[in-house]
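See the structures that follow.
Each of the two complexes below includes chain A, the first together with chain B, the second together with chain C.
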Partner chain A sequence: MIRPSRDVSLHAGVLAALLLLFFVTSAYHNGNLARIMVLAVFAMGYNFLFGYTGLLSLGHALFFSAGMYGLGISMNHLDMTVLPAFGMGILASLAVTGAIGFLALRTSGVAFMIVTLMFAQAGYLTILLFGKYTRGDEGFVIQQAERTLFGIDLTDPTNRYFAAFALFAVSYLFIAWAVRTSFGRCLVAIRENEARARMLGYDTARHKYLALLASGVLSGASGAGYALLFGYAGATFASVQYSILPLLWVLLGGAGTTIGPLVGTAFAFYLVDVSSEFTSAYLLVVGATIVFLTLFFPQGLSGELRRRLAPWLP
Partner chain B sequence: MEFGPHFLLATLEGALTAAVLALTAVGLSVVFGIMRVVNVAHGEFFMLGAVIAWFVSTLVGVHPAIGFALALVAAPVAVGALAIVADRLVLRRLNYDPERTIVATIGLLYCIQQLTLMTFGPDARPVVPPFNQRIALPWFEFGEQGLQVIWPWGFGITTYKLAVIAFAVIILVGLWQFLARSRFGLVMRATQLDREMAQAFGIPIDRVYGLVFGLGAGLAALGAVLIVPIRQAHYLMGHEPLLLSFIVVIIGGLGSIPGTIIAAVLIGLSDGIISVFFSPTLAKIIATLLVAFVLVFRPQGLFGLRSA
Partner chain C sequence: MASVSLLETRQVCKNFGGLDALVNVDFDLPGGQVRALIGPNGAGKSTLVGTICGRIKPTSGSILFDGQEITQMATHRRICLGIAYTFQITSVFSRLTAFENVALGVRRIHGNRRHKVRGLVMEALERVNIADLARQRAGDLSYGHQRLLEIAMGLGQSPVLFIMDEPTQGLSEGEIEGFKELIRSLSGQTTILLIEHNMNVVMETAQYITVLNSGSVLAEGTGDEMRRNKQVQAAYLGRN
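Let's turn to the complex of A and B:
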């Protein structure tokens, strides 16, 4: 079975590599990596629900944007400082996830997909409806002067990188820890066979609800972090596209693996980045690559790695 | 205009939306019901139908009606053929795995969208309707002289819109008869009920799946050709029909074609009527929440028998 020492060294290695990358790559790639790390938190939150619990949601954009607007509105309209505003972002995503999970988890399978999609769509439209505060599609900028934490200017590229790293590291270690607890094991059991898990005496409804809450809060933390570090909140982040993206990242990287979301997010980000450098038709390259990957790497990149080289991969 | 005429007009516009939506959604429904494939690229097949209609009707510059009639045949056939190729090259190799087909069709969506942008361009382009007479509609009112007929200003509909509604009804009835009576319909239903058993009875599952995928895409393209003289062809136009079709298919009940059609009429009409009387954004919020709550308390859809 899984040897913990390998796990620990893998996690330490991933984090160390990310730290090291800051010093060896150019400023441009540093900016990209910061963005990837923040978005990977979103993907990890998604993976917790989809990859480990087996619930396919199409509404995570709502949890992401709840965090984003929770922070953005607290800072711009309520004049809060960074730390309480970040807390507001987390609270907002917790409240939204809690309410929606209560209703949506009555369904499963395709109905769950559509219910979450509908709630997210209603949320997106609500953001547009209150355009006076949210500025709708146009979005709003969070002033540079306000984005400081403990006197550290988060708009400075170096500080931004390490802030993104901190957010990523905390979420990553949380996931790595959570999936190895008995709670995490039970989630996998639910994914594989919910009826059997219930028969064994597990309260599957409670497990799924808690998994959804954790997933939503991680997504919200990513949204709040994104708004904070890149200084912008807009309704685009609540649209269907941002519900599909984490699914794409997770499936590309490998669902149900701890490093999958990071791998998938980085891969997708650089796929767009590199292909748009030499062709304006970058979506064609992206689309063709996605089709190619699903054909030949059915378990995603790190899923394939696990199958071929490292069966111990957590 | 007063409430009555206003309401009738909204209903007619809603019926138009419902007609096109029903065609598109039934296309998604057969694919979903029989193949269990969530085809995210369905909206792009819709868009391709509209774009091909524009190409055909522009190239055949004889008379709008001839060009349109050609497009009405050519676009669904071409899109259907493309879908069959996509099925053979991609979906079949994925063994119709639910999750992997979602990702693969997202990839297809990007490819189709970008290729259309490169050939067709970013502009919205109109197609001339084959005929377009305006019919003023009468309204009855109790006045001082008892019941009288009035002709409210701006109260009317074009012949083309009525023809679209009629045509969609004919196609849907035809499709229903085809599925219920023909041998291929029987084979399709057998495959839907039990894939392995159907195969054991010598039904070529692969070929059935390919044809079903082609049929679904062709229906979306047909809906698009019908709507393109009213709303223009644009490379991003596939987004909304995809979302609406999904809602319709799920609300109607998975794999139930009559359910899909009833749901399309319900949603098309309520979309038309609600958006006339409320702010469009608020109307959409109410509509999406309604859909969500229907599913929360009836996950199998309004007319579905099996649980989704």
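Let's turn to the complex of A and C:
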């Protein structure tokens, strides 16, 4: 059951494929893929908590938008450059996750869903309340001239693609590594049977808190990356829709698998993209496909792959 | 008693909403001993070990492990002191492999040292004769094998005190023989507290027996002493 070589080749393969795709696909798809990679970081963060630890949050939009506004406000109002502003995005999501986790983790199951949802709604309203700085639903644009890192113009499609890739690769490798550690295995044990994990000597409360922090920071990194690479921050990203989306992506791609979030994000993105080309009722197509998939592939696309062909899939 | 107590409970009481499950239980377990805890259904045996491992908070009284007060200590910290516990109602990670079930306990002690962990896991599975099932999902194992897996999960942690709540329940004759072997091989190194209904297992493995009845200690002594004890016969053995 311990097959490091297979895991490593899968991870290398995924990253190599994403690099290769840049050269073989059109500029249009390049743009899509950059967006998918950044959003997949959000999905991976969500998956760390939901897929591996078994905690279903309905408040991740707040962690995403904490990162987004952390970077956006630092750049627009505090005149910070990209790197420290990105750090502010990470810090903001860490602080928000840390505070909310401290309270929300006193609950579990449905109560945890409700509590995280309420906190995220409160966060959304707070963003609207400080409209002077956040520009509310309208949002604000981050000036093109300021979006440069080490002299590299991040608004250039090529640079943007590789910046998105770098963010994705770091997050992906972090997750791939983390889930194989004793810590990551304990998260799965908590998901499966928390009382037993505790009775094996694990401080399950601490593990859940750390998992939530990692999850929130990855979501925040995605939000900061999104604001940076696509030049916009707005309150819409803090709305409940953005708490549901990562859940949907993870469910489609396969909860508790390393590649699931990427697969699910890409699938959902292209499902909308392709179906909207053919019909104005594309949401119907999207809905029907999702219902079909959840009925026939309840473990998501990579979960199904794991069940049928590759039980070793990490 | 000559040897030092590894475990002591002092005046432990547990009240479940009006029902006295434990009443002033004083219990002493010297290090290295194999002790059987017996008593009729509902006597409070599972409740007593529950207060020892932290699953149940006693209403009053105190618990000492290795001379240290652990009454208020969190469950996971007690386990880290070297207490392993197997549940009366089988509790395994049913969607994980048998290997992973044991590995979780081993990794808590040995971290990410893969070869060391693998060796200890396989050793634990071998001791209960289910090494060949290592790759199977725990939930797919037979009930008896799941019970054995739980024991292996405890063994993998190399506990100082190993508490087992009715481990032989659901085991076949052959497996019970194997279990007795296992306890004999552990005695001396590991202190064992065994809740057991199978008197044959009790008589053959335990050096000393505590009889619990209606939440209090009714009698304590060797197997022969307990067999002759009139009160014990009335409360427990007489029913069989």
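Here are some notes:
Assume the second predicted complex is superposed on the first by the 313 of 314 C-alpha atoms of A that agree within 3 Å, B and C clash if a C-alpha of one lies under 4 Å from a C-alpha of the other, contacts with A are read in each partner's own complex, and residues count from 1 in each chain.
Note that in this section contacts are C-beta pairs under 8 Å (C-beta built on N, C-alpha and C of every residue); 3 or more make two chains touch, one makes a residue touch a chain.
None of these values were measured; they are calculated from a predicted model.
Contacts of A:A288 after superposition on the shared chain: chain B is touched, whereas chain C is not. Of the two partner chains placed around the shared chain by superposition, chain B is the only one that A:L129 touches, whereas chain C remains out of contact.
After superposition on the shared chain, chain A has more residues touched by B, the comparison being chain B against chain C. By the touch criterion stated above, A:L173 is placed in contact with neither chain B nor chain C.
Of the two partner chains placed by the overlay, only chain B lies in contact with A:V115; chain C stays clear of it. By the touch criterion stated above, A:V188 is placed in contact with chain C alone, chain B being left untouched. In the superposition on chain A, A:L103 makes contact with chain B only, not with chain C. By the document's definition of touching, neither partner reaches A:L149: not chain B, not chain C.
Residue contacts after overlaying the shared chain place A:L10 against neither chain B nor chain C. Contact residues of chain B toward chain A in the complex are 38, 40, 90, 93-94, 97, 99-100, 102-104, 106-115, 117-118, 243, 246-247, 250, 254, 279, 281-282, 284-285, 288-289, 291-293, 295-297, 299-300, 308. Those residues of chain C lying in contact with chain A across their complex are 53, 55, 74-77, 79-80, 85, 87, 91-97, 99-100, 103-105, 107-109, 111-112, 114, 118, 135, 153, 157.
Within the complex formed with chain B, the chain A residues making contact are 56, 103-104, 106-111, 113-115, 117-119, 121-122, 125-126, 128-129, 240, 244, 247-248, 251-252, 255, 281-284, 286-295, 298. On chain A, the positions that touch chain C within their shared complex are 1-2, 181-182, 185-186, 188-189, 192-193, 195-204.
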